[in-house]
Structures are given as C-alpha cells and as structure tokens.
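Input: structures, listed below.
Here come two complexes built around subunit A, the first alongside subunit B, the second alongside subunit C.
This part shows the complex of A and B:
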C-alpha cells in the first residue's frame, strides 16, 4: 500500500511539475499569439480605423479589395527576390557547414565570424547597409571607382533593389543556417563516410549519397524558416526606403500592410492582408513537406 | 536538497517577473510635498475654485504626452518643475512617446488617453467631442492664437490648440549663394533658373530633396504649403471635394517644377538614394544650396555647424503669399481627473510660447515676435501671411479610403517617363473623381 501511494505521489508530482512549467509559456502563447490571431480574423471582416470602439462589419469586402488591388502584383514580384535570396542563403549555409565541418585550420574562428552577424541588432545592421547603399557616398562605390569600375545604383527603381535588400538579410542570417546544418552534419555517423571511402566514393558521391539524405529534415526546416522569413521581410525596406522606395520599388507585403494600416488607417484591410499571408505560408509549407516527403519515400 | 534549490530558483524567477507588474507607468520623483498633497488631493472630489476667484487652488496630477522625446527629460522636465514650483501641490509630467500615433491610438482605443495629447490625423472632427474636453474657458481667441478656427469642433467649441506655427519658404545657404555670385534671392522663376545654373556651374547642388526618405518633398505636394501661396485662398484645399481633378494646373506647377529640376540636373546626383542625414550635412557645409521647407528646418543645418547668420529663407519665386501651417493640435482628454489643472497647465505652456521655444519651434500666439533670423528674413519679404484652414474631414476620409497619397504620386512623377507621368496623374484624378462623390462632392 505504501509503495503504491509513493508511486502515485511521484506521478502526481511529475505531472504538477510538467504542468506548472508549461503553464506560463502556454498562457503567454495564448495571450500574445492566439488571441491576437483570433482578433486579426475578426478585424479582417470589418472596416476599422484603429480607434473606434465599434467595428463595422463588411463581410469579405476587405479580401476582395486586397485580391483585386493591382499593386499587389508588384509586391508579389518583389517577394520573389526575397525567396531567391533565401534559397541562396540556405545553399550557402549548407556549403559553409560542409566546408567547416571538416578538419580545417581555424574553423572555429571562421564559424564564429560567420555566425557573428546573426547576433547583431537588425536595425543597426540595416543602418550600416543604408550607408553602404548610397550612390554618392558608399565606400563600396568609392572602392569600385578607384579600380576603374562604375558605381552601382543599389537603390534603383527596378527589380534588383529588392535583391540588394534581401542581401542584407542573407548577410545577417547565413550564419544561422550554417549552424543548423552543422548540427545536422555532426549527427551523421563517421563510419558511413569511411565505408563509402573504402568503396571508392569521392567528395561529390559522399555529399550526394550520404550527407544530403541524412540532413533532409534539417534542409526542410531551414527552408520552412527561410520561406517564413522571406515572405515577412520588411525591416530593410522600411528603414532604408521609407515610403516604399522610388515608385514603390521596394514595397514588400509587410511594408504594404503597415502602410495600409498606419498611413491609410484601414486596419480591416490590413488584417485581411495578414490573414492571406498566413494562409499562403501554410500552403507553401504543406506543399514543401509533401514534395520532400515524396523524395524520401 | 536538489528539489529545494529548484523551487527556490522558480520562486526567485517568479518574484522578479511579478515585481515588474507592481510598478505604475510613471515615476513620481522629487516632491514629497506633492505626494502628501496628492494624497489629500485625491480625497477632494471637485476641482472647484477655493479662496479667491482669480486664483483657484490647483491640485491633482496630469500627464502631457509629447512626441519630442529628445527634450522630454531635459527642457520639458525643467518646464514641469517650474510650473510645479509656482503651483505647489500639483504634479505635472511630460511623457515622451516615440511612435506617437500608434501608441496613443492604442491607448485611445482602450480609453486611456493621456490628460493632454495631440489630436492624431485619424481622429476626424466629428468625434472630437467624444474624446476631448471643450477648452473655451482657457482664454484662447482668434485674436491671440493662430489657427484658432482649426481647433473648433463641429459644435463650434474649442477643443484643440496648435503647439506652434510654421511658415513655408526656401531655406538657403548664404555662403553658397555668395560663392556662386548670387547677390539677391530670386523673386521670379527666371531669376531662380539663372541662380540655379550659377550654383551648378560652381559645383554646388542648387536644391536638395533627400528623396529616399519620401516625406521630404511634402511642401510641394499639397495646397496648404504650395497652392495657397499663389491664390491666397485659405479654403482652397476644401474646394477640391467638388472638383474632379485633385491634381490640377496649380498642383501640376509643383510636379512639373520638380521634373524640370531633375532633368536639368539641379538636384542631388542620384535623388533616389539621397538620404536625410547626408543632405543635412551637405546643406550645413554649403554643398547643397537650397531646400523648400518650413520654419522647423533652418535650425537643423545650424546644429550641424552652419552659422546662424549663413542660413536664410525666402519665399518661393512668383508666389504672392506666405503659407503658414499649424503643427500638432493639443487637446485635453474628456476623462481627465484634473481638468482645471490640465487647462491651467496648457495655458501656462502656450501663453509665452514656452512649449514652442523648448521645442525650438515658433510660438502659436499672435504678435509674439521673437522669431529666428531665417523666419524674420522670410517675413521681411513683405508678402502677407495666410493661414490655411483645416482640411475638411470628408476630403481626408476620401483620400484615405481610395489610398490616394499626393506626395508619393509626386515623387513618382519626378522619375517617370513623360507618358507614364501623365498616366499616373490621370489615374490619380480618375480615382479621386470617383471617391469624392461618396463623400459629399457635388456631381
């Protein structure tokens, strides 16, 4: 009898411990993530200026307005630049991880140096690039001019300005991808590589048949985080080109949402944009998972 | 033992986290007499005048929310302390808020408007009486305050007062002009083009735009700061609700001026990457000669090293009037617990332009004189000053509903090809023609 109650007591204690540790994060999650999300859905069906105590419900009007807005097509094109850079970032992170996983002199120093930008304050980084991207006063252009090349117009009205904006994010976050991949790589047993070496495999074979398949899950996670980050990019465009850039050349989905909400006081429409972005990201992730799953099966 | 340590750590973490909840937003530093007075003041149910009718005893606590975060803890705090020493038993505080519009909007939606705050653009005049207190008894009149009528609600009661007045004109660096051999400020467009060419020949950028920031050309885009200088009609802007072309010949004058300047190379080498900080430095150093702006601007190149006597302002060539616009309109919250104190503090801050001069802006009181040299030079041109009336709510609502922004359209106009530029104006006007009918425009 005594041993049973001791066991039950231990179970109870264990459960109390688990619940009490999870309680605070769960409450915070409800308060700061789920509750605002529910409110977002609610606002997306209303016309609201952000201050009125009353909401005026308008059904799907906001969604219709967003989807029929011709400037959204332009924004979608800009987001492609961010997605492209993100793919480069993931690939580069993987490449650096593979290179720095091997026994190279100073690899710890390289890893630290490449990871360092990740811990910098994003706003500070963007301000540095704001200076670097100036046409007349950029040190990069000064250097190019010294060696006889023309200055680059980083901030321009074309598509490339978005690539330059996305480049800032890539510079800052490639170290993070590298670290994630390093962790994945280090979980691959060395014996597999040795066995492959005995069988006559070269570096290309090793990567293609051992490394990549083993870190499929890590690649999938990196892409998922990357897509989420790319589609929600806004800090660079907002700080370097407030107002959306020349003829809105740097407008991203989020900067447009912010403009619709704060400048035009159309919180309902902005909420609808937020919901659409949420659904779109879910769709992409589901598709991506399906694609990658098929490959492994 | 291990378990005890674990619970101790949990307890400490919770205690530290929850201790942050106990503190209220504002800190009550300094005056212990005011603490004691507040304790007794809170007991008093009314703010009615006691003792002599001329000097009602003020008590209570109010917070003045300002967007001037750079002086909230310095010059403004000094002002608060000065007021409190003149009226012992009161507590007045300045709260500097950085992202003012979104923070105060949120508080407003939660019913926690600060005692004194400025009326945000999103609050249309028809709802002022729901959020703010009428302040007709404070003593402001059309004779002593600029933009008095802009602060009247729909019921003709005074709700808000502008914190400063600002005049529009071209600020210029006199040293750059002297270097280029320009002996007097241009009064006609011909004189202007010739002056610009002289500056360009000397390697000085005639005019700056800092176009990357997007807002910097705002003085060109709008009837208050552009059109009104040609027509002198304070109601000009509000007539557009009945016109199909929001961007008409008068406004296109500004649009085309900017395009012409860009074509002739009279702006920065690459305007779309021209940033504000670099622009100010160049203006202070005389590398950029002119900037079309308002009276808040001349102090900025001076702060960056230009001599006060080297910066001046002149009216835009060919204009007949000098436009004056209001700044932030401050109002008292309807739910304030100390309305008499709030009114007294507002009056005290406004009467000698104390608040305006702390913020290096111009006092909103009429006949206050005491303007900075650049503004004095502008006013010495002799052109009459014209105050624009407030934009009517239906125009603001129509523009925001159709997402029409004249400044961004204008900035795009500078860069587009001739066809695209004309097309952009046509599209803007088409959208305007449609939306104005929804907001009471005549057919």
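This part shows the complex of A and C:
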C-alpha cells in the first residue's frame, strides 16, 4: 500500500512537471504561430479595414482580386530575380565549401571572412549597398569609369534593379550556405575518395559520384531555406526604395502585402496574399522533396 | 577543424588550384571592400567626400566627428538601450523555455510526446512573414502594439532549432545523474535546475549568442509592431536616421559602422560557437 501511494505521488509529480514546463511555451506557440495562421485564413475570406469589429465575408473575392491584379504579375517577375540569385548563391556556397574544405592556404581566414556578412546587421548591410548603388558617388561606377565603361544606374525601372537588390542577400548569406555545406562535406568518409582514386577517378568523377550524392540532403535543405528566404525578401527593397521604386520596379511579394495592408487598409486582400504565398512555398518544398526522393530511388 | 575527407579534391590539379585561389581572392575582395569603403567615407568630412575620389583615404584618419555627431543626434543610445532590454528579456526567457521543453521531451515518457514535438516542428514550415498581417492583429488585441513587450513576446517563443540542440545535449547527460538525485529525494524541478541546466552550459551559450545576434539584427519586428520613436531599436534607429540624413554619406557611413560593429566584435571572439550553432541548427532539424 505504501509503495503504491508513493508511486502515485511520483506519477502526480511527473504529470505536474510535464504540464507546468510545457504550459507557457505551448500557449505562446498557440497564440503566435497557430492562431495567426488560422486568423490569416479567416481574414482572407473577408473584407476588413483592420479597425471594424465586424468582418464582412466575401467568399473568394480577395483571391480573385489578387490573382487578376496585373501588378501581381509584375511582382511575380521580380521574385524570379530573387530565385535566380538564390540559385547562384547556393551553387557558389557549394563551390566555396568544396574549395575551402581542402588544404588551401589561409582557409580559416577565407571561411571566417566569407561567413562574416551573415552576422552583420541587415539594415547596415542594406545601406552599405545603397552607397555602392548610388549613381554619382558609387565606388562601383568609379571603378567602371576607370576601365572606360559607363556608369550603371542601379536603381532603375527595369528587371535588373531586382537582381541588384537580390545581390545584397547573396552577399550576406552565401557564407551561410558555405558553412552548412562544409559540415556536410566533413561527414563523407575519406575511404570513398581513396577507393575512387585507385579506380582512376578524376576530379569530375569524384565530385559527381561521391561528393554530390553524399550531401544531397544538405543541398535540399539549402534550396528549401533559399526559396523560403528569396520569396520573403523585402528589407532591401523596403529600405532602399521605400515607395516601391520607380514604377514599383522593386516591389516584392512582402513589400506589396505590407503596402496593401498598411497603405490601402485592405487586410482581407493582404491576408489572401499571405495565404497564397504560404501555399506556394509549401508546394515548392513538397515538389522539391519529391523530386530529390525520386532521384534517389 | 581537422583536415577532412574531400580535402584533396581540388588541390590535385595545379592549374585548377591556381584558378580557385584567384577566385577565392576575388570573393574576399568583394566581401571586404564594401565594408572598407564605408569606413573610409565615415572618416571624411562632407567637403572631402564631395571633392575626393571614393578610393582616396581620408586626410585625417582619426577624424571621428561624424561618429560624434551620429551618437548625439541619431538617438542610437536610446536604440541601444531598447535593443539591450529586448535581448536580455527575450533571450533569457527563450533559453529557459527551450531547455524546459527539451528536458520534458528528453527525460519523460508520456502519451502526447510525439504530438508535442510535432506541434513545435510544424510552425517552422509557416513562413513567418506571410502571417504577419494576422500576428499584427493578435498583438493589437493584446494591447501590446507599440510597447516593448510586443518585441519581447514575439522573440521569446521557444523555437524548434533551440529545442533540437538542447535535446541532443540532454541525451548525452547520463540518466544515472537524475536517478541518484531522485533517490536522494530531489524533485524534477530541482533536477532540471541543478543537474540538467549546469550541464548544458555550452549549448545555452551557443543558442543565447545566436538569438542575441538575431534580435540585434532584426528589423521587421520593431518596424511593424513597435514603430513609436521612443521604442526604436538599433536597426530602426539606423533606418530612421537614413530617412532624415540618407544623402549625407559621411554621416550615414558612421551610423552604419556603429550599428555593424557590435556583432562583428562578437563574431571575432565567439566565431566557433556561432558557426557550430548555425550548422547544427540548420542541418539537424
């Protein structure tokens, strides 16, 4: 009898510990992760100015409005610039990791320097580039002029302005890709390379048949994080061209969503945009995982 | 780090090695030069900036007038105080909650365990910017809008990356330690507090550094949820200063350098923690 009641007391203490330790983290999770996601979905079916206590449900009107909005097509094209740059960034990160995994002189310095932008304050980084991208006093243009080329108007009305914007993200985050690839490379057993060497494999063979297959998971993670980051890019566009740039040439999905909500007070439409972006990102991630899995089989 | 498996991949071929090295140097220049150029401008007077080449070194290399002006006028001191409050409050809460969740998941068997882990994992797939519109209304309804608590509460939620890293550490702490404490009559809370927590010092340091840098560098949260000028953080102080003085590059550059310096210093001294934390966090989860 005594041992049973002691056991019960222990169970009670265990349960109390579990509940009390998880309670606050769980409440925060519900309140700031799950609830907003549900709310976003609800708002997306309503017309709402952000103040009225009553939501006026309008069915799929917001979605129809977003999808038929010609400026959304423009934004989608801008996002392609960010995706392209992200792909270059992942490839460059992989290349740097392979090179810096070797016994190259000064590799520690290279690694540290290339990773360093990742920890810099993003706002500071954006303004560093705002300086580089100024027209008259741009150091890049000064260099171009020295070698006899014309100055570039970085903040222009064309597609290229988005590439310049995306380049800022690449400058800041390529070191992150490098570092996670380095971790991946270090888990490949040395023997595999030695065996391949005996078989007469050249550099290309080694990379193609040993390195790349071994770090497929890391590549997949990099692409996943990359797509997520690229599609949600906003800070450079928001800070360098607060008004959206000449003819909204720098508008990204997020700056557009914020503008729709803050400036036009259309919370329903902005929510529909959020839901669409959310679904789009999930879709791409699922597709990508599927593709990578198929290639393994 | 020890020399690793792929190490000889790229140095076997001489000419290839030379090309790689040149390319690496080019990348290094591309990383260092933008920063260096901004430092140079920050030490120039406005006249000097307008009359000299961007590559020319400042006449007086110790001309800190721009820095003095920015510190006095841009309210960076206020920004630093707000940022520090955010960091201290949110990082300590977040580490506490992360270790508590990891302790429960690592040491107890219970029915809903899988569900709890999943519940913490799923939100990493919700792109946080997309739900901002709805989070905004939650913050408003809780009357946290334009208060420092908005930032604190949004930063402090225990995130899955931290939980994962803490879990790995807890798995490496021998169960025997817990059991002998149990026999001595220690409560579970006591075990968490005096056995588990002290054993996780290095994991806690790693996570705390990474989150500190994250909060320090974040722009979105203060921009959206606490726009009041008295609540400016370091990040929003710089963007605020830019909208007033954005064209004055010597002053702007001084502001940029001041804002960028703290994490740079942290990085120089704590590089190992930062890199290991970031690799573990992103690859493992």
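Please note the rule applied: the second predicted complex is superposed on the first by the 270 of 297 C-alpha atoms of A that agree within 3 Å, B and C clash if a C-alpha of one lies under 4 Å from a C-alpha of the other, contacts with A are read in each partner's own complex, and residues count from 1 in each chain.
Here is the rule we go by: a contact is a pair of C-beta atoms (placed from the backbone, for glycine too) under 8 Å apart; a residue touches a chain by one contact, two chains touch by 3 or more.
Just so we're clear, the structure is a prediction, and the values are computed from it rather than from any experiment.
When both complexes are superposed on subunit A, subunit B and subunit C end up clashing with one another. In the superposition on chain A, A:137 makes contact with both subunit B and subunit C.
In the superposition on chain A, A:39 makes contact with subunit C only, while subunit B stays out of contact range.
When subunit A is checked against subunit B and against subunit C, the one touching more of its residues turns out to be C. Legend: residue contacts after superposition of the two complexes on their common chain; A:244 is shown touching subunit B, with no touch to subunit C. In the superposition on chain A, no contact is made by A:284 with either subunit B or subunit C. With both structures placed on the common chain, the touch criterion links A:50 to subunit B and to subunit C.
Of the two partner chains, subunit B is the only one that A:264 touches; subunit C does not reach it. By the touch criterion stated above, A:155 is placed in contact with subunit B alone, subunit C being left untouched.
Of the two partner chains, neither subunit B nor subunit C is touched by A:91.
In the superposition on chain A, no contact is made by A:201 with either subunit B or subunit C. When both structures are laid over each other on chain A, subunit C collides with subunit B only at 92-100; the other stretches in 38-46, 74-82, 92-100 or 164-172 stay clear. Where the contact sets of subunit A with subunit B and with subunit C meet, they give residues 50, 130, 134, 137, 242. By the touch criterion stated above, subunit B contacts subunit A in their complex at residues 101-102, 105-106, 108-109, 120, 122-123, 211-215, 268-270, 272-275, 278, 400-401, 403, 405, 408, 411-412, 415-416.
Residues of subunit A that touch subunit B in their complex: 49-53, 130, 133-137, 153-157, 240-248, 260, 262-266. For subunit A in complex with subunit C, the residues that touch the partner chain are 13-15, 17-18, 21-22, 24-26, 28-29, 31-40, 43, 50, 96, 98-105, 110, 112-125, 127-132, 134, 137-139, 142, 171, 176, 179-180, 182-186, 188-190, 192-193, 203, 206-207, 211, 218, 221, 225, 228, 231-232, 234-235, 239, 242, 254, 257-258, 261, 267, 270-271, 274-275, 277-278, 281-282, 285.
Contacts from subunit C toward subunit A in the complex involve residues 1, 3-13, 16-17, 20-21, 23-24, 27-28, 30-35, 37-38, 41, 49, 53-55, 97, 100-101, 103-104, 108, 110, 116, 119-120, 122-123, 125-127, 129-138, 153-154, 156-158, 187-189, 192, 213, 216-220, 224, 234-236, 238-239, 242-243, 246, 249, 252-253, 255-257, 259-260, 263-264, 266-267, 271, 274-275, 278-279, 282-283.
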